[in-house]
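Note that the chains take the letters A, B, C and D in the order they are written out, and that residue 1 is the start of every chain.
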Amino acid sequence: MNFASDNAGGVHPRIMAAIAAANEGPVPSYGGDSITRVAQDRLRELFDAPEAAVHFVVSGTAANALSLALLSPGWGKVFCHTDAHVQTSETGAPEFFTAGAKLVPVPGAAGKITPEALAEVLEVNGRDSVHAGQNAALTLTNATEWGTVYSPDEVEALSAIARAEGLGVHMDGARFANALAGLDVAPADLTWRAGVDILSLGGTKNGCMAVEAVLIFDPAKSEEFAFRRKRAGALVSKHRYLSAQILAWLDGDLWLQLARHANAMAHELGLGLARLPGVRIDQRVDSNAVFATIPAELHRRACEAGISYHLWPHTQTGDGEEPVSIRLVCGWDTRLDEVNAALQALA
Amino acid sequence: MNFASDNAGGVHPRIMAAIAAANEGPVPSYGGDSITRVAQDRLRELFDAPEAAVHFVVSGTAANALSLALLSPGWGKVFCHTDAHVQTSETGAPEFFTAGAKLVPVPGAAGKITPEALAEVLEVNGRDSVHAGQNAALTLTNATEWGTVYSPDEVEALSAIARAEGLGVHMDGARFANALAGLDVAPADLTWRAGVDILSLGGTKNGCMAVEAVLIFDPAKSEEFAFRRKRAGALVSKHRYLSAQILAWLDGDLWLQLARHANAMAHELGLGLARLPGVRIDQRVDSNAVFATIPAELHRRACEAGISYHLWPHTQTGDGEEPVSIRLVCGWDTRLDEVNAALQALA
Amino acid sequence: MNFASDNAGGVHPRIMAAIAAANEGPVPSYGGDSITRVAQDRLRELFDAPEAAVHFVVSGTAANALSLALLSPGWGKVFCHTDAHVQTSETGAPEFFTAGAKLVPVPGAAGKITPEALAEVLEVNGRDSVHAGQNAALTLTNATEWGTVYSPDEVEALSAIARAEGLGVHMDGARFANALAGLDVAPADLTWRAGVDILSLGGTKNGCMAVEAVLIFDPAKSEEFAFRRKRAGALVSKHRYLSAQILAWLDGDLWLQLARHANAMAHELGLGLARLPGVRIDQRVDSNAVFATIPAELHRRACEAGISYHLWPHTQTGDGEEPVSIRLVCGWDTRLDEVNAALQALA
Amino acid sequence: MNFASDNAGGVHPRIMAAIAAANEGPVPSYGGDSITRVAQDRLRELFDAPEAAVHFVVSGTAANALSLALLSPGWGKVFCHTDAHVQTSETGAPEFFTAGAKLVPVPGAAGKITPEALAEVLEVNGRDSVHAGQNAALTLTNATEWGTVYSPDEVEALSAIARAEGLGVHMDGARFANALAGLDVAPADLTWRAGVDILSLGGTKNGCMAVEAVLIFDPAKSEEFAFRRKRAGALVSKHRYLSAQILAWLDGDLWLQLARHANAMAHELGLGLARLPGVRIDQRVDSNAVFATIPAELHRRACEAGISYHLWPHTQTGDGEEPVSIRLVCGWDTRLDEVNAALQALA
């Protein structure tokens, strides 16, 4: 019963089949093949963004760091949530790719930046001087690291503040599908129509093998991205196998189906956990993760039952009598019977 | 009839099958899975290097640049052949990953550095001062960019010079299998026994989808590599699909079979071309590429017949009456009937 | 009446005379001259650190960033106070010179990090993983940005925590003389004996023209510093003019006399301000700066009287009816009659 | 008798006096003072470039590397002479400041790039692709590292080729005054009118203490320079002492007088050496350096007589019976009696 990570799951069979089907004879490398062109066009169409540049990489860290490097110089400041993946879990990749930009954490409940918090941090960082550096970009994670989701209106409100200060806006969409699946809005509504300049669109956690798309809504930055991707060692030569994943993932809205399923499993899991005595659900379950605080006794029982999840934050030891805070993630491949079995084991 | 690149070819069926077979339920991500452990062990065994650190990435540029960053500080000099891939075709990735090292080209016929040439360039760069920088590393490509191969003795002679000057030694083995296939020596003989500290071992061009192994024979550098790979965005989360490629590729010496086949096809192609009037074979065909200079008329006929290859160097236009110099590459998937058809079309 | 900055002041006459006196015929450049050797020896002696490496640069930002680059790799974390100069006023220089390290702010009253706060932030950053990065260094500013001073015991307590976690310890001593002047301890007590690995020792703000010494108490890092300084463009060719400043500055304890004078002036200023109605002194006056909150009316009067200082923080406008918070800095050249005149104008 | 380096010389008395005279009370720091404004205006006037941005730093390496970073991205190529200071003597500073650009050496006699050589190297580097990188800038040293000088026509011919390929043009004018002194043309003729975008104008080797001006003829890049300079630790706080040097240096054409004198001394020295048996003058003496090959016997006699100079290249040992190649540099402070004494000692 794996609730540790949506990176632990495998590849959806239709996506695996598409990879195998792409394996037909020689084609141009480095993205010059027709599968890549079709996949790029399909994303442009889906996002109602015929001019957007579309590039593929194999990791979210590469997608995010390369994107931020388009928005911030080495003396820039990139504003992000205190718990943003770029800040906590990318080992300085944004600083490395930008050649020195500073990530400025913005605190906020539920993993979300509020307009008030952003405005306040911007004011504190108001000196756009050679001593203090240049305010350069805002990055939002959607769905957030705490499983919550920004609505189009929320994104727009934050983008408006950012743009008024001359910042570019990036969205880390490692779980963009999970965010979109619960909102019933168009991809464009949650991105460029709400002021987003660049989207890292994650496929890997949602049924793909290893592919993240970067959508640059202002195509003028596309050439720079191409140079940056290559010198990062992030340009995959046999590109068709990335593009084939994207095509199968989008085909018949598979990406949204998988995300909706993962979200539904998390919803079930959250409901079930909430009914257990002593359990507190710590965040709204807007996407595919449940954050809860549970009694130490329950934590021990879960370990014995082979239910895997992460302590969140990691600094807890989980071996005392204090309640522990945990993160449980559902994936496209989480089964209802697994959720039920886990809940039963804990009841 | 594709002779343009061994990146154009697909994935060998046994490797594709192994990828599909790895798609079973959730496993730990980021290399914590058992397939990865087995693949790492298998490489250590194959190279008779039980202590070596083994890491996987998806591109040769990442493998090379991350490796060189272990050997050279930002004020270091990395000696390489004038035509080395790291120098001509990686967009400054080594400079980026080392934070500023300087690649110092060493000229040499047939893509190979000679001991004399290396000694001479080292002498010219002899000032290890704060003004001139620090001589840091030697990198050899094997097989070379001109399809030739260094023997263990040749590698050892160059390594000895390098080590006497305090340089680390890296081998860009994007086509290591092709080099090894023609030599009938053990992998260790061509690497650490000959003084190589780090090997970039290329799978992608030789039947894999996207995987390059980095073998660090001194494991003390392994942790640094792990940090560097992650912050480069080059740590693939669903790692098992990389490792599965490696395992299938090594299984039953498939990697050498594929390389031998590609080499044999190049040999045939070279022999056939050499028989055509006005054609000059420019390099020994030691591995899977043929470099030739052909009459303009023959070049036009090849284009019309749909025979694809690269002008080499790229700066030629190929549209005049002058002979053109070309590179033809054979892959694991090049068929003898293709080679024969191409030769027939040109005859 | 300048209380804006100790960078506004000129050069002490004895130091200017020493610069002029160094202007005798040709001498070896880049630090090979005898004045430099004597100045280095003098600092080693003063700090009771015969093995220490000593290097000179012309700015505190260079001194700090080059020092931190010796202690942190690009994937490292450098812990500093929220208001540390390296964090707020060096435009990403530490991130640039380390090639990507992340500065982690530690909050604390009066510009000082407490052992509790450091321990707490270290715990939150406890994951020394490829995802989170490597905890690498602690940097303390002494005197702090808020004019307060760490005692040797305080430095030692923080260093002990840092060292237990494997961190190196740097001290930004842009106003080290001002800190030392009020403590009556030996330079060694406040640095290496208290666990400091590298000291940036500032001369410029305290009567010099442009010179900061970097003392590396573990000389093994000295060669790396030399390479880093040169490639930063921070190696001054006519080095004697830097070294001559240092010698005159140390001669007869001039550096401490100047610092004591500046501190005394700040003390007077603080006492005088505290007597004015509606004025609140916000920090202990441990060194040469006074931080106060004053009524709007008083602020206007000060401006009219030509008393210059900075609003602190800079984000205040100072043009309303709210009290404003200000920073007043005294220098080696602040005269008691200036202080009195300022106080009189405000009374 | 020092002919080792023009960095060994002291500061001209009028410049030292100007530094002392600038030492009057507090003034705004970081270049906000009036001496700086006047010095900047004076340079704009002198170069007939009212819109140019002017910045001061303390080293040629900083001036060059910061300038090149304005012209080349991290994936760019910077074309320079094989023996250019940026290539041989700046420890990778250009690579560091550009975050990875590659310096591409262009060979040429007498330290000079010819239009033919530039065109040829550009053609070889013709692939402006994500694999090969982007051709970004040309940098010319004037006077060159071999003491020769480019005329305005020569600069213009090279700039024209560079601009046709989209390259920016930088001039390393560490010895610009020495070049100009021999040409009898206006500063503008040798720079922006001949196609130069940015000039590093060296004061230090020509009588100043430590100051180099960067003239950016397109002022749009000025703000970026300011950020880059600060985060390089290259923004001197007490800026007036840099600016005062510049003003005194330009006043009454002192800079050209000093350069003319140094050139004249080199001319004398060259003439005298040429008369000695077995001596070969290797380069035209266009500026303040003499390059010669002399018999081993003469070299020994020079050492005994206390005549200091550099072996050029440095890789020679100078302790055999072979002739040695040497560089002798004259400075603003070289006296005719020194030249004569040296020649007499060798005669």
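In this section, contacts are C-beta pairs under 8 Å (C-beta built on N, C-alpha and C of every residue); 3 or more make two chains touch, one makes a residue touch a chain.
All of these numbers come straight from a predicted model, not from anything done at the bench.
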Chains touching both chain C and chain D: A, B
Which of A-C and B-C has more C-beta contact pairs: A-C
Distance between chain centroids, defined by C-alpha means - chain A, chain B (Å): 34
Between chain B and chain C, centroid-to-centroid distance (C-alpha), Å: 50
Between chain C and chain A, distance of the C-alpha-averaged centres to the nearest whole Å: 41
Multi-chain contact residues (two or more partners), chain B: 30, 74-75, 90-93, 96, 99-100, 130-131, 133, 227, 230-231, 235
Chain D-touching residues of chain B, taken from the complex the two chains share: 74-76, 88-93, 95-96, 99-103, 123-124, 126-127, 130-133, 313-315
Interface residues, chain A side, partner chain B - complex: 2, 4-5, 7-11, 13, 16, 19-20, 22-30, 57-66, 90-93, 96-97, 204-205, 209-210, 227, 230-238, 241, 331, 333
Residues of chain C touching chain B in the complex: 30, 73-75, 99-100, 130-131, 133-134, 224, 226-231, 235
